[in-house]
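The letters A, B and C name the chains in turn, as written, and every chain counts its residues from 1.
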Amino acid sequence: MKGALGIRGVTKRYGDTVAVRDVSLDVEPGQFLTLLGPSGCGKTTLLRLVAGFEAPDAGQVSLSGRDVTALPAHKRPVNTVFQQYALFPHRTVFGNVAFGLEVRGTPRPEIARRVEATLELVRLAGLGARRVDEISGGQKQRVALARALVLEPELLLLDEPMAALDPKLRQGMQVELKNLQERVGITFVFVTHDQDEALVMADRIAVMNQGRIEQIGGPEELYERPRTRFAADFLGVANLFEARVESATDAVARVRTESGLAFDAQQDGGYRKGARVWLGLRSERISLVERSGNAFEGTIDDEIFLGDWTDWRVRVGAAVLSVGEGNVLARARRRGDRVTLSFPPDAVLRLEDGEPGA
Amino acid sequence: MAGRTGVGAGRGLGLLTALVYAFLYAPILVLTALSFNASRLSGAWEGFTLDWYLRAAANPAILASLRNSLLVGAVVTALATALATAAALAFHRHRFRRQAALETLLTLPTVAPEIVLAASLLLLFAALGLRLGFATVILSHVAFTLSYAFVVVRARIAGFDRSLEEAAMDLGAGPLRTFLMVTLPALLPAVAAAALLVFALSIDDYVVTSFVAGVGATTLPLQIYSMVKSGVSPEINAVSTLLLAATGLLLLAAFLLEQGRSWRAAALPIGLGLAVLGAPFVLAGGGAPTGRVLNLYIWSGYIAPETIAKFEARHAAKVNLDLYDSNEALLAKLQAGNAGYDIVCPSDYSLQVLRAQGLLRRLDRAALPHFGNLDPAFLDRSYDPGNAHSVPYFWGTSGIAYHAGRVAEPPASWGALFDPRYRGRILMLDDAREAIGAALKWRGHSLNSTDPRQLAAAREDLLRQKPLVRTYNSSNFEDVLLSGDVWLEQAWNGQIAKAMELDAEIRYVLPREGSTLFIDNLAIPRDARDVALAHAFIDFTLEAEIAAEICRSMKYSSPNRAALPLLPAELRGNPAVFPPPEAMARLELIQDLGDATIAYDRLWTEVKAR
Amino acid sequence: MRHARRHALGLLLPSLGLLLVLFYLPQLLMLAVSLGRRTAYGGVERSYSLANYLRALEPLYLAILWRSVVLAAVTTLVCLLVAYPVAYWLARRAPARYRSALLALVILPFWTSFLVRMYAWIVLLRSEGIVNLTLGALGLPPLELLYNDFAVLLGQLYGELPFMIVPLYVSLEKLDPSLLEAAADLGADARRRFASVVLPQTLPGIAAGCVLVFIPSLGCYLAPDLLGGGKTAYVGNLIQAQFAVARDMPFGAALSFVLSLVVAALLLLFRRPLAKAQAL
């Protein structure tokens, strides 16, 4: 039970805008949960509600089974790694990490021991005497992490901690952070707007949009089966169509998109003849080589070279589709080529509209 | 390319900065040098001396004022900085609905002219019936420094990262610890800057303090202003130098600590600085007096500490000495009421006002057995018929002082001050009544004239004279004459008598058209507390021995007939102190002109407006 | 967050209350006085008349007011021109460890009486003063440095300079160096970088400094009296004279409210740039 986070029907308004609307969420002890969403979706506000920096207008936050809604930030067994780190400029690295322990009245020798151990944990051993404006961005982030971890919180909140790091460093830190979390076994709630980051690190991902949780699930589940148009878009489903179901059987449905493409989709129980539906199709599920189920003739309109693979923009009638292809194969093509693209019916994702109130 | 211009520009900037520092410190160097100069005159270097420091250390008035200033400064700095920081934090923590209006309310006091603030505070304290004293000085200083402190802290707090406080809360620090461990250290530079500014404003404030200070609350600026009559004395330069040195030492200590040096390294400058700042507290003594107390409010340079000590010894009493430098300051204080003084020393025309307003107590002649020592020539004047309310203390004249070696011929008429030959070498008293009075007298009119035609003529004369005038000055005019900046000047006699001792070429003449006689008198305010002791003091000054002592040390003309034989011959023979009888006959007292005061003020403004 | 509001109010109220009692209430009393009449003995007779305000608007006094505005504006401009490079050097070029000490040195002279320092300037500037003696020793002709407009401006500059340097320093210190690098990267030369990055970013400091210098300059009276030789009256001298010489408190109060109105009008006129500066 220790480290379990429960959020029940939490709502937070700022004047007329609703930052978080009626969110409920459970995080199991030791889990790495990522709140994923674009800026302004309410993920940071939700985090601040958990940290205790904001009080909810409605709802309840509980920690390790205890209601902490009315508890101020400094009394919650929760620590935060801030986006810009919020390191105390007038304290050294050691002083920053020792801060929480000092506040708790921990004896000096123990402070020294625990701070050193934590600095070692985040690979900052020996830098304790540095001033925080003398260390690099990555090191600052580790100090912020150490400062929170040294208190052995039941729950660690991380507010886009990687945002200020360069991409290379970020990838390294992602793996390191994930390993660290597994080692210390503390529940992590991690806020990011970067889907790759979310997929790499999280045990579970909650996709947030306009103050709500649109979908929650494991990384693979979310990747494979985004449920709403928003989630699909945010998780990188490149081809989205509005379509009408022309016919539907128990096994397969025939759909026609607004742009005039007609193809088969595997029946999931949600296709009914005549209904309007939203569909998603990942670019990597479309092949320019193999034939599987649906096939169209098209022309390459544009290419976006992405290193190990290429994103082709293929025009089929009025529609333009994004098609991903590994570069071993892609080397042979160029703009203006005629191609045949195909995808199996089970690659077609049926999506809910997902607009609030819709 | 860009790099090179950058370095060149940097050097230029550095040079300019050095020049600006030189500009800021040039007068500091001068006053420091003067504090070690053997000459009392602020001109030539006559050798090194520590005499002025010793004299300052032995001057109870200077020490007490310094102590008062430091005390007021410390309390005001603590209060204003704390309040302003709290207010700035409030705006940082919370967005109020009427944020802009509230902030304006807090910053608006920086806009008010100081003199208005001063007068309005006096009005308030009078309306509330508050006794003027330390408390009123402190309250007033807090009122006018708070806004400055707020502006400074607010500017800094705007850039303060709120997430630092959240981080502290997040790490388990409650509101108080967050404030003490994170907010305050992060804001410390701003708070320190605000504190420095507040202290500087408080310790240098003259205008507000002069209005709201009461018994025993004379601060250093009040002391300095009252002493400036005879130029900035080297003692004041010595005190200023010490104050700067102490501040500099404390800043040095702060700098050392900031650099991460140990407290031990900073101990010496801290110790020295505090020792200097603490000295006035030790030297000035203080503490609540046990016996009777006499609160004396008098012109600066009117009584010697030895004389006061004699009185204190004789009556087992403590005399609180507060100084003023203008009749108007005295009037404002007494008119506001509750000043708490037992004895004041108004000049003739202000005595007339005080008496008319019933602000003075009738004197008990039976308690003044030495009254008979006074020269009847100075008694029963129009401002106080029968001397029911006052006893003359000093008298003096205004006339023309000149440097005999520089003027073509000794001036005998006010006309000399209007003589184009002396263009740029003339000084006029910066005093509407005296300057206009001189112009009136020159044309043969009374210096109390309210005749519009005579006044219009005086205005024309003064306007024609203006291009000839080098400066208008009614404080250290004798210093300007001594320095050679002017050759002849309208002057009051007392300061010239002192200047004559420094330069034998300085002369003083009462113009043949006649000039001003002023008589400064001791009087007891209506709300005096120890009336009997006040009478005892007045009678004490009437004793021949004492009156002679006062005259000897202060060099003003004594109205005490019995004291004259006890004076040294050169003093009695000095025409600046005791003019010949025929000149005396041409003197005229300045009278309060009631509503016509406005006409004089307007006339003077017209002269100054061109 | 009702709690936060109450908390913030608790922090704000002491200052606000103090100023209400010790500034706004006295100002109200003053306003009442300004509508009254001077009595023969320099007291105040209650009445409700605008006579003092009408008098304050006579050409004689308006000319003095205008001259004061010009002096304050020139003082502010000269202060800005002198202080900016100094603040820039202090904030960006001076060795970081000496910065705060150097800044403190700017304020240090203010811990002695302004009057004493003004008299020291007189010793420097007068006909046979230190500057002219030095010039003479170098074989140069003496200069008339004292008792003229130059001396007044010098005194004003001396008195107000730190109030310009400090806010400029604060805003220049906050300036993000990466912005300058970005501008340089985009091909801006030093002058362009200054005009397009440094200057706009330090507008809050400039605005604060100008307000802090301009307003007290409007009410100045010591420098004109001591260094200017008392030859020209500014509105500060005029108000001073009403309270301290003519004892015409109603007229002095009216003059001071006219002055406050001028300040308010100027602040209003420059409200937009000031607000913009604050918002940056």
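Keep in mind that, in the parts below, a residue touches a chain if its C-beta (ideal position, glycine included) is under 8 Å from a C-beta of that chain, and two chains touch if they have at least 3 such contacts.
Bear in mind that the values here come from a model prediction, so they are computed numbers and not experimental data.
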| item | value |
| --- | --- |
| Most central chain, Cα average position | C |
| Chains linked by the largest number of contacting C-beta pairs | B-C |
| Whole-Å gap separating chain B and chain C, where each centre is the average of the chain's CA atoms | 22 |
| Centre-of-Cα separation between chain C and chain A, whole angstrom | 55 |
| Euclidean distance of C-alpha centroids - chain A vs chain B, Å | 72 |
| Chain C residues counted as touching two or more neighbouring chains | 1 |
| Residues of chain A engaged with two or more neighbouring chains | none |
| Chain A to chain B touching residues, read off their complex | 51-53, 72-75, 78-80, 82-84, 86-90, 99-100, 102-104, 147-148, 151 |
| Chain C residues within the chain B interface of the complex | 1, 4-5, 7-12, 14-16, 18-19, 21-27, 29-30, 33, 38, 40-43, 60-61, 63-64, 82-83, 85-86, 88-90, 93-94, 97, 100-101, 103-121, 123-124, 126-130, 146-147, 158, 161-162, 166-167, 170, 174, 184, 189-190, 204, 208, 211-212, 215-216, 218-219, 221, 225, 229-233, 236-249, 251-253, 256, 259-260, 263-264 |
| For the chain B and chain A complex, residues of the former touching the latter | 161, 163-164, 166-175, 177-178, 181-182, 185-186, 188 |
